[in-house]
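Both of the next two complexes hold subunit A, though its partner changes from subunit B to subunit C.
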Partner chain A sequence: MSLSNLIDDWSRYRKGREEGGFHDYEHMWGMSIDLNKCIGCNACSVACYAENNLAVVGKEKFEKGQGMHWLRLERYWDEPDLGEERTTEFQQHGASFLPMMCQQCNAATCEPVCPVAATYHTPDGLNAQVYNRCIGSRYCSNNCPYRLRYFNFWSYYEDSWPAPLQMQLNPDISVRDKGVMEKCTFCVQRIRTVKDTARMEDRKVRDGEVQTACSQTCPTGAIEFGDMLGMYDPETGVAETKVTRMWRKHQVEFGKTKQNKQTPDMRGYRVFEFLNTDPCVMYLDRVREV
Partner chain B sequence: MSVLQHLPPGRFIEAAGRGSRQTKHTVQVSFIVMLLMATMALFSANVNADVPNAVPPEGEYSGIHVEQPIEFPHDIHADVNEINCMYCHTYARRSKVAGIPPTSKCMGCHSIIATDKPRIQKLTEYWENKESPKWKKVHDVPDFVHFTHEKHIKRFVIDNEDLQVENVSEVCAFCHGEVKKMTVADKVKPLTMGFCQRCHQANDGPSDCWHCHK
Partner chain C sequence: MGWGGVGATLVGCDMPSTVTLEEGKEEVVSYLVPEEFVIPGVGVWYASTCRQCPSGCGIHGRVREGRVLKLEGNPESSINKGRLCQMGQAGLQAHYNPDRISKPQIRRGSSLVDATWEEAYGLIAEKTANISGSKFAWMTGSVSGHQSVLLQAHLESIGSGNHFVHETINNAIWAKVSEDMLGDSNPRIRLDKAQSVLSFGADFLGTWGSPLHFSTEYAKFRTSPRGTLIQVEPNMTLTGANADLWVASKPGTEGALALGIANQLVSKHSLSMSGLPSSVQSLIRSYTMDETVTATGVDADRIADIASTLKRRSPSVVLAGASAQGHEHGYQCVAAAMVLNIILGNIGETIESNGEFAYASMAPVSGNTQSLVAFSQAAADKRFDVVFFSGVNPVYTAPKSLGLQENMANIPFKVVFSHFNDETTAMADVVLPLASGEEDWGTHVAPYQAGVGEISIQQPLMEPLSKDTRGFGDILLTLLKKRKESAYEGFADYYAYLRNAFSTIPAEHKNGASDDQFWADVLSAGLIDVGVTDKPLNVTAVEFNMPKELGNSSDMVLAPSARLGFWDGRHANLPWLQEAPDQISKVVWDSWAELHPSTAKKIGVKEGDMVKIASASGEINVKVYIYKGVHPDVIAVPLGQGHDAGFSRYAKDRGVNSLSILDPKVDKMTGELALYSTNVKVTKAAKTDDVLVRFGGSETQIGRKLVSTVSADVYERTEGGDHVA
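What follows is the complex of A and B.
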């Protein structure tokens, strides 16, 4: 089953590339993150912990690199070196932040290396992880250029949610045990619920109906989430989705390793685009006075 | 089908071998059913005549009998009195879970009907003590499975124009067996991944892992 799924996904992707579109997907979820708006508050990361039953591993394990933060805030400094006369632990200014979650690559490097096809591409254009199938070989994580896959080294459920904290676990997503890989799912449980509701009401999913936990929580509205297939249709007059509009405005296109920008106002970029991973998350560069 | 597909767990085989529920009668019946199915397969692709536009899933299971606080007779309600399954399990068409009716629903009829029966007297006792009977779960899918009743009911009942809604029990029987011939419901279908997947293939259901695994 999964093997044929995997092969189908790749042929679908190749076909899309050759014919210049991804249109036999049902949806294609994408994001646009405006770094001008991001204030580095970490609320998105906390929201993700709460929504997706992420284990809090404690300082010791975190230092060993065993943290389970599906969304991490990367911090960069204008002047990384504090110099000899450092008076403070950190610089007083010049920080910029980069929220990094799974980039949901179209040509995902993690997928073809999984020996048991536990990670594969869904008809929604998502990069899926099936916990039951995962045998914990960790090939995918080693092959991810973004390092956005997290491995359960321990049975965190034993002490991560001491009673009564287990009551806050989200029933729509399983609590992973030791030995499986996990990563951002674009809050697939929310997508699933919205799709189910739309199906029950015999209609299509509306733009903005699916909200990921991170985009819902962001106080500055830096994270936009939506269906990338919602193009403007002159015949029916259906408007394009917010995310598609952002991508078009900043001239970021799928299937490219380098974007052609006409003006410097177009701030959009995708991380490590040149690796041809074709990610679904676009970042808008931060502009600042120097 | 790939070799990676999950095979049914060992206890399934063990239960089939125990054969405590296999009487001569069942053997005869299954022989007749096999004959019938063979004949039907010859004439039409639709194996089950009762539910149009659907291929019922295949698979049997014989599990452990679950004792309930009151031995609720499904047969008297659904078979003899022909009460629709969805009258009591009213959430089946509206949500993920089919739901157990509240005691008030039972009392709606049983404050008048059959009040002399011991089981009803037990129920009335619960009702007067403002308690609900602690029914035990019989059909339980693992926590990592997303299953919704409403979408299945929509596909096989609501969107199925050829099906009379009175016959909804035939659709329920796909996964729950002939509950209207049982007293307390027993699990008679395996509800394993293979069981679901074979039905999804036969009825053009989704086969994407993330449709059901969460």
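What follows is the complex of A and C.
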């Protein structure tokens, strides 16, 4: 470690101590998911399986809750089940769909409980998981209010990719083995590739240049992904990123447990915001004609 | 030929004999000397066409170190605009599937044994040598492009006109009604312009028409000014799950409801019926509110509400799909929906002409189920000595009551082109292993295109995994050559044939580019738009009646609904799709029957319990899922599972095939199978050890704000007129 690195790290630590939090983010990747457009088709989830080497665990293990769907499509009914109080005869407003992936919280509850710092916050604002540091304590999973961490109870790879299925595996990321926690990375391998390319071309990452697998495939374009630090730059005239604009438009701000909106009816919200997890994923209300 | 004649356009014999990604290379070069554009660690994207369903979406395949790793939508494609559905994403697992067949098989006694291509071709040549045309038939799925051209050429070489085109999931009756009433079997639906959609079971986000295309249009439909979606169907489809208003219908009453709404529009909202035949006008008059309520069981308030919404939220569009057309009077139900479009003035507004594809020989031929019925009958009558099958699995998709499986025994020689062993290959005399969608060449013309005439190119995204599979076009060419068709001798392979075809394309499509440059551009873009010819809609509403009595059976009706996922059962061998929870029930790796809570109570079953579903044609035992998205008189068993053991390790011993117990009823006007008209008795059956596995612990949000909902009014107030993002 060079002296300059040491000094940089120390001053960063001091700033964090004195002002609270980390300040030198290079990016802060965020999302906006419009539930008015989401149709619950599941394309995002399967795209995630294809991109991120997610294991198929089979019926028996799925029953035990071991499905490895980093991005899962939750479906809720308005009307209660059989046996509960009867209200109307039918689900007359359809279903409520919710694509749920790691919310990449800025105040992630999973991070401080990791005994070996396998899960930590990157200067990209990502909640990262270091597979070969993970010892499988599962504290992080236990502490995640969104239940978005998936544990390798078995060596799923042994059955998941019988030849020649293994030829499809994405060489940009690893296949995880037994005893390791895994979760959505916002397609960190894609972020990495774009950042490297931008660096080589001596320029900044452009808005829209990084697309996660889910946002790229989404049939209705419900998922918007981008850099939350991409604000309007008056000097260069570079416009703010799409996702930043969406957050601003819907008046959702970081660092809050309750949004104080000028226009309370704007649709943006963050799931379980009141837990002070400060997620980087904003959802826009589902809309129904009633 | 797609363009020009065969003989006039030969370009000599210097065509590459082995196709690599680099044109002109004659052999596979080892990675010691990589092709110059291959950079280890860097993915390169190639354009091709998705073959997972007949919609014909453009795709990009990411190729790295000689392997295709990921598929995405091709942004150039007007169909999917860069997007891809879960079936498309899982195309890779069809390609890399561990259960693909890699060698030709020939029947020896009761079993199929591996053979060489020479043996297979030799046997085919022997059996077809002196066959008379009427004794030969092809059965395929929907087909288009140059494969269609060669297939027709093969039929002509034998002198046969027997081509059965079969798809279980189809729009055949909608197409017939559109043809009869609008003069265009494939009108353009402008969801982007519509302010309201009334859909009678048209699952346009899942299985109707071109689902991915309509999903992209749906996003525009839901952007301010936000359109209203009303879905009427016996059990909830993906589209129904996104409806503002979902109405449960008893199967077969869709037409009556449409006429009842028409009556309200005319009597309460002063819309005009002029232009309709007087018999249809009096039919509409006869469906008074009382009559409609009696016929459909839908509340009067609801019917009035739907009518006023359609009037208020204009322009509207009315669609009809599988559950509306699947009856003996299916044509009338769809016709009644189309009459609504005429009354509402939607023709020319939200229903336009798509034009006509300019090159008839390459135009898409879409499958239906009438062909399945006709084929089974023809086989029963012992009309055929030799039948070729490709892209279909009729032994699985045909209801047992059609007797197709038994009738197949009447065909002495059956050749099945396939990627996998399935129910149909099990009955074959020769099985020819096909190259996967990611290994083959082809050109495809999508059946639904929004006013454009794109030809989408399918090109290999990697070398074949097995040296003993062959492309569909290559096999057709070989068969044609063996028929001594000298016109095809100049083509070393299907690539050479396609390359030549694109050399002879009319110059107006080349934009002045040289021949090689033009070909490179087409491959790079993945498609070329050759335009369409105008074909204006011509409204001529036809006469039809509506049966008042639908048979007062106390039995329930079986709904074999289809899903974007397993489709008609063809994708049950893809593990990603088996493990992807069903969009509605969230069941994985299994079949299930959907029941309304009140019906479940009557039968005495809880979720996961087994029921026996018995029709006049057979019975199945299946576990139940209970929710309020199904009509109380309906039991829905979505398609996909229930395959024989031969169809891959992933589909083996899994669930049931609800198509198998359907009665052999058909729509009387078109001969299409009436899929939603089988009466069944449902009783509780003994539970087995096999449990119903579903994703998710809770069916409701239990008051948590996970998915928050606002009214459309709020949305319009805050975001109205704002089309950003």
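Here is the rule we go by: the second predicted complex is superposed on the first by the 253 of 290 C-alpha atoms of A that agree within 3 Å, B and C clash if a C-alpha of one lies under 4 Å from a C-alpha of the other, contacts with A are read in each partner's own complex, and residues count from 1 in each chain.
FYI, a residue touches a chain if its C-beta (ideal position, glycine included) is under 8 Å from a C-beta of that chain, and two chains touch if they have at least 3 such contacts.
All of these numbers come straight from a predicted model, not from anything done at the bench.
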{"item": "Subunit B versus subunit C as contact partner of A:188, first or second or both or neither", "value": "first"}
{"item": "Partner chain in contact with A:105 - subunit B first, subunit C second, else both or neither", "value": "neither"}
{"item": "Which of subunit B and subunit C A:165 touches, first, second, both or neither", "value": "second"}
{"item": "Which superposed partner A:199 touches (first subunit B, second subunit C, both, neither)", "value": "first"}
{"item": "Greater subunit A contact set [subunit C / subunit B]", "value": "C"}
{"item": "Touching partner for A:133 - first (subunit B), second (subunit C), both, neither", "value": "first"}
{"item": "Which superposed partner A:281 touches (first subunit B, second subunit C, both, neither)", "value": "neither"}
{"item": "Common interface residues of subunit A - those touching subunit B in one complex and subunit C in the other", "value": "171"}
{"item": "Subunit A - residues contacting subunit B, complex", "value": "1-5, 116-117, 120, 122-124, 126, 128, 130-133, 171-175, 188-189, 192, 196, 199-200"}
{"item": "List of subunit B residues in touch with subunit A within their complex", "value": "1-2, 4-6, 143-144, 146, 148, 150-151, 154, 197, 207-211, 213-214"}
{"item": "Residue numbers on subunit C that touch subunit A, as the complex places them", "value": "41, 64-65, 67-73, 80, 82-86, 88-90, 92-93, 96-98, 205-206, 212, 215-216, 218-219, 222, 226, 228, 231, 236, 238-248, 465, 564-565, 575-581, 583-584, 586, 588-590, 597-598, 600-601, 606-607, 626-629, 649, 691, 693, 695-696, 698-701, 704-712, 714-715, 717-719, 724-725"}
{"item": "Complex interface listing, subunit A residues touching subunit C", "value": "32, 35-37, 39-43, 45-47, 49-51, 56-59, 62-63, 67, 69, 72-83, 88-98, 160, 162-165, 167-171, 213, 216-222, 224, 242, 245-246, 249, 263, 265-267, 269, 271-272, 283, 285-290"}
